[in-house]
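Each of the next two complexes has chain A plus one more chain, namely chain B in the first and chain C in the second.
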Partner chain A sequence: MSYAGVPGLVESREAHGETTLVVDPARLVEAAEHLRDELGFNFLSDVSSVDYLGWSDEPVAGSWGDSSGRDLNSPGSWGLARRPAPKPKRFAVNYHLLRLVSGAREAPRVRMQVWVDDAELVPSVVGVWPTADWHEREVFDMMGIRFSGHPNLVRILMDDDWEGHPLRKDYPIGGEPVRFSGEE
Partner chain B sequence: MAVARKRLADYGLRSERLLWPAKGPGVFEREVEQLEERLMLTTLERAIAWAQTKSMWPDTFGLACCAIEMMSIVSSRYDIARFGMEAFRASPRQADLLIVSGRVVHKMAAPLRQIYDQMLEPKWVIAMGACASSGGMFNNYTTLQGVDKIVPVDIHVPGCPPRPEALMEGIVRLHEKVQAGVPPAYEIRGVAE
Partner chain C sequence: MAIAPERPRIYEGSRIPSPIPSVLLVPDELRKTDDILEVNFGPNHPSTHGVLRLVVELDGERVVGLRAVIGYLHTGFEKSMESKTWWKAIPYAPRMDYLSFQANELAFVMAVEKLLGIEVPPKAVWMRMLLCELNRVHSHLVWLGTSALELGAISPFWYTFRERDRILDLFEMVGGARMHTRYFQVGGLAEDIPSGFFGECRRFCEVMPGAVDQYEQLLDQNEIWLKRTKGVGLLSAEDAIALGQSGPVLRGSGVDWDLRKASPYLAYDQVEFDVPVKRNGDVWDRYKVHMDEMRESTRIVAQALEGMPGGAWIADDRKVVLPPREELHTSMESLIHHFKLVTEGFRVPEGEVYVAVESPRGEFGCYLCSDGGPRPWRVRFRAPSFVALEATATLMRDALIADMIAAVGSLDTVMGECDR
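Right after this comes the complex of A and B.
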C-alpha cells in the first residue's frame, strides 16, 4: 500500500512489519480523512501519547547497560556507547488505525503519529472518527495535551479538581493530598 | 477532634484470643469476666453489647477483589448467618459495619466517606486486605495509602486478599471488642475533618 498521497506526511517508517506515518500536526485532520476515505482505515482503535522528556539527555550513572550489567560510576559510559537519537519534540501522539472489511482474513494496521511540544495544540479528529472523543479526553487527562476543536475536553479519569497530569515525566511521585484527612 | 488515645490493654485486654472450643472458657473470656467485675458493667450495657454483636449488619460496599472474598462469607460454606450478619444492607442507614474490601482510589474517597457519614452510630469499620490497610501494591498517584486516613478503622484484616476465614476472624474479634466494652474507633481516635 502506498502512503505517499497522505497530506502533510513528514516521514514514513517501517519497523517489525508495522508502518508509522509521521504527520504534520497542522494537516492532521486532512491526513486522517485521507486515510479513512481513500485508504479505508475506518476504525480508530486507540489514541496514545508518550512523554519523551529528557530523552537523549546526559543520562544518570548506570541508566544504560548491556548484558554484562550497569556501570554505576560513570554516566552511561559502559554498555551503550551512543545516546538514543533525539526526538523532534517532547510529546508523541499516536493514532492506531485499523481497516476492517467484512470477510477479510486480516485487518491492516497503521500508526499515525504527530509530535508536539508542551502547550501546543493538536487538531481533534472527533469529526473523522467519533470514538476519538474519549480517547482524546484521556490523553488530555493523563498527559495534558490539548486538542483544538474537541467538543468536551474535560478530565475523564481523574477528579475534576485534580492538579497536574499524572503520566507526565515531571509529575511528582507520591504526596497526593488526601481529602477528609486534615492534610489537605 | 482530639481524643486521648487508649490501647486495648488499657481496657483490660491482655491476651490473644484462643480458638480452642473444647477447652471451655478461654483466657480471653475469663479476662473479660474479670474486667466486667472490675469495672462493674451493668447488665443492661452487657445486654446491649451482646445484641449489637448478634445483629451487626454489614454494608454492601464491594470495592475490588477482596469483595469476592467478602461475598463468599455469606455462602453456605462459611455462613456468616451464624453470627446474625447475613443481611448485607444496601443502604448505609441500615448498616452497622463498613467492610472496606479493596483499594480506595482518591476519587472513591468522597463516596466512601459519604457512606460512612450516613451510617448511624454505633458503627464499625473493618479495613480488609493490604490495600485498604496501607495501599498495598498500589503505591501510586491514584490510590489512597490506607483507608484509616479518612475513616477510623476498628479492625485491620491482613492478606491479599484475606481468605474468608481471615475476614471472619476479624469479625469475631470485632464482636469480642464490642462485648468487652471497647468503644468504636470513632470514639477512640476521632473522625478526621
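Right after this comes the complex of A and C.
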C-alpha cells in the first residue's frame, strides 16, 4: 500500500507493525477524503488525542526524570532510561482508520496523525466519517482541542459549565472542587 | 400461531440526520405547529441500561426530535491510569464494563505486550480465548434477559441468569472474584488454571446449547416480542459503517465483519466457528445475532477445552513478570526482581500502539502511548457502547416512542464503558 499520494503528507512511519501518516492540519479533510475514497478506509475506528506537555523535559539530577521528577517516596516515579525524542507540537490527534469490507479476511489499519499547539484549530472530519461527531466532541471536552466546521462542538462527558480539560497534563488529579450539601 | 405482519425492511439511501449525525432536529414547519412535546427520558430510567438521558421531541407518538446525552457515569479512567504503573493500571480496564470485563482487560494487556514485544505462552493464549468467549456468552445473557424484560417478557430473565450464574462460578474458580477477575497479566495469566475448572467448564458446554434453544422457545413465537422487534430500529449496512458501528449491530445489518476472523488474534485462527450475519438491520436481527453468537462462543469454548496446551501460563521474563514464589526463598536475584516489580513496576519502551479486539459489543480498541517510563503516558479506549449510542438518532427516525426502548436496548450498551 502506497501512501505517497495522500494530500498534505508530512511523514510516514512504521512501528510495531502499524503505519502512522502525519498530515498537515490545513489539508486534513483532503487527506481524509483521499484515504476514504481512493484507499478504501471507510471506517473510522477512533479519534484519540495525546497531550505531550512535559514530554522529554530536562532531566532531574541523577536520572532522566519524567515531568514530575523522581520522587524516592513515591514508587512508580522511576526515571526514564533515556530521554524520549521530542515532539513537534504539544498535541497529537490520531485518527484510527480501518478498511472494512464485508466478508474480507483482512483488516488493514492506518493511523492518520495531526500535530497542533494550544488554541490551534483542527478541521473537522464529520463530513467524511459521521462517526467523528462524538469522538471530536470528546477530544474537545477532554483536551480542549477545537475542531473547525464541527456542527455541534459542545462538551460531551463533563458538565456544560465545567472549567478546564481533564486529560491535559497540566490538569491535576484531585484538582476538582468537592461540593458538599448545605454549602453556599 | 399468528406471526407479526411484515413491516418495511431495510431502507434506501441514508437516514443519518444532517447536519449533526447524532441529533435528530425537529423540522421548522413541524415546530411551528406548536404541537411538539418535549419529553426527558432518563438519566435514571430502568430501561436505559444505566444512566443514559434521551431528550425526545414527540409529535403525538411519533419521535421527531432526539438527542442522546451521556457523561453521567464519567469516572476519569483514562486520567487515573496515567498515574498508575502499567501493572496497577490493569484492573482499571475491566472495571469500565461490568459485562465484558475480560475482553476489555485483554485489549489493554495485549497493547502493553505489543509495546514490550513479549511473547505469551500458548496455554495463556488459549485460556484467554476460552475466558473471553465465556465472557461473551455472559454479556449476551445479561443483554437478552434485560432487553426482554424491558419489552415485558419477564421469564427469559430468570432463565438467562441461571446460566449466567454458572459462568460467574467459573470466573470465580480462576480469579477468585465473580466479576472483574483481573486474571490476565502482562505476559500471560496471573495464576495457573485451577484443578476442577475443565470439568465444570465441560459441563457448562453441554448445558449451554440446550439453554439457548430454551430462550428462543420463550421468545421466537411470542407475538408481542415479534411485533416489537421486527422492522424496528432500522439501520442499513452503509449507515452502520458510516456511523462506526461494530459487533452485533453491524452484523445485524448484513455486514460480515468480525475481528476474530478479519484479523485473528489469540488462537482464533485455530478454532472453527461461524460469524452469524443477518440482513434486515432491525432489532429482531440483532437479537438473532446475539443468540447465534452464544452458540458459536460455546463451540469455541468446547474446542479450547480440547485444544488447551500444557506448559507455562506466563512468559519467563524476569524484567516484566514476577518470579515464581518458591524462588524468593533461595535466589537473591529473584528477590530483587520481585521487589523492583512490586515497588516501581516495569518500564515499557517508548512508542504508540492501537490494539482492537472483538468484545461482546464490537470493536473495543486500546490506544497506548508510552514515553519509556513505568507509567502510561496516555491510555485511550475506543468504547463500542459510546459509538453505538451515536446511532440512536438514525435508528429512531420516524419511529414511535414505544419503539425507542427496543431500539436503544438492541444497541447493547453499557454506560460505564460509554462514559469511562
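Throughout what follows, the second predicted complex is superposed on the first by the 152 of 184 C-alpha atoms of A that agree within 3 Å, B and C clash if a C-alpha of one lies under 4 Å from a C-alpha of the other, contacts with A are read in each partner's own complex, and residues count from 1 in each chain.
The criterion applied here is as follows: contacts are C-beta pairs under 8 Å (C-beta built on N, C-alpha and C of every residue); 3 or more make two chains touch, one makes a residue touch a chain.
Predicted, not measured: the structure shown is a model, and the values here were computed from it.
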item: Touched partner set for A:Val178, first chain B, second chain C, both or neither; value: first
item: First, second, both or neither for A:Val116, with chain B first and chain C second; value: neither
item: First (chain B), second (chain C), both or neither touched by A:Ser56; value: second
item: Which superposed partner A:Pro166 touches (first chain B, second chain C, both, neither); value: both
item: First, second, both or neither for A:Val23, with chain B first and chain C second; value: neither
item: Which of chain B and chain C A:Met158 touches, first, second, both or neither; value: both
item: Contacts of A:Arg105 with chain B and chain C, given as first, second, both or neither; value: second
item: Dominant toucher of chain A (residue count), chain B or chain C; value: C
item: Overlap of chain C and chain B interfaces on chain A (superposed complexes); value: 158-159, 166, 171, 173
item: Of chain A, residues touching chain C in the complex; value: 15-16, 18, 20, 42-46, 48-51, 55-56, 66, 75-82, 84-85, 94, 96, 100, 102-107, 109, 111, 126, 129-131, 133-134, 138, 142, 151-152, 155-159, 166-167, 171, 173
item: In the complex with chain A, residue positions of chain C that touch it; value: 16, 19-23, 70-71, 74, 76, 78-80, 83-85, 88, 114-115, 237, 241-244, 254-257, 259, 261-263, 343-345, 347, 350-354, 356, 363, 365, 367, 369, 371-375, 377-378, 380, 382, 386-387, 389-390, 419-420
item: Residue ranges of chain B touching chain A (in the complex, touch as defined); value: 106-107, 109-110, 113, 139-142, 144-145, 149-151, 192-193
item: Of chain A, residues touching chain B in the complex; value: 158-159, 166, 171, 173-174, 176, 178-183
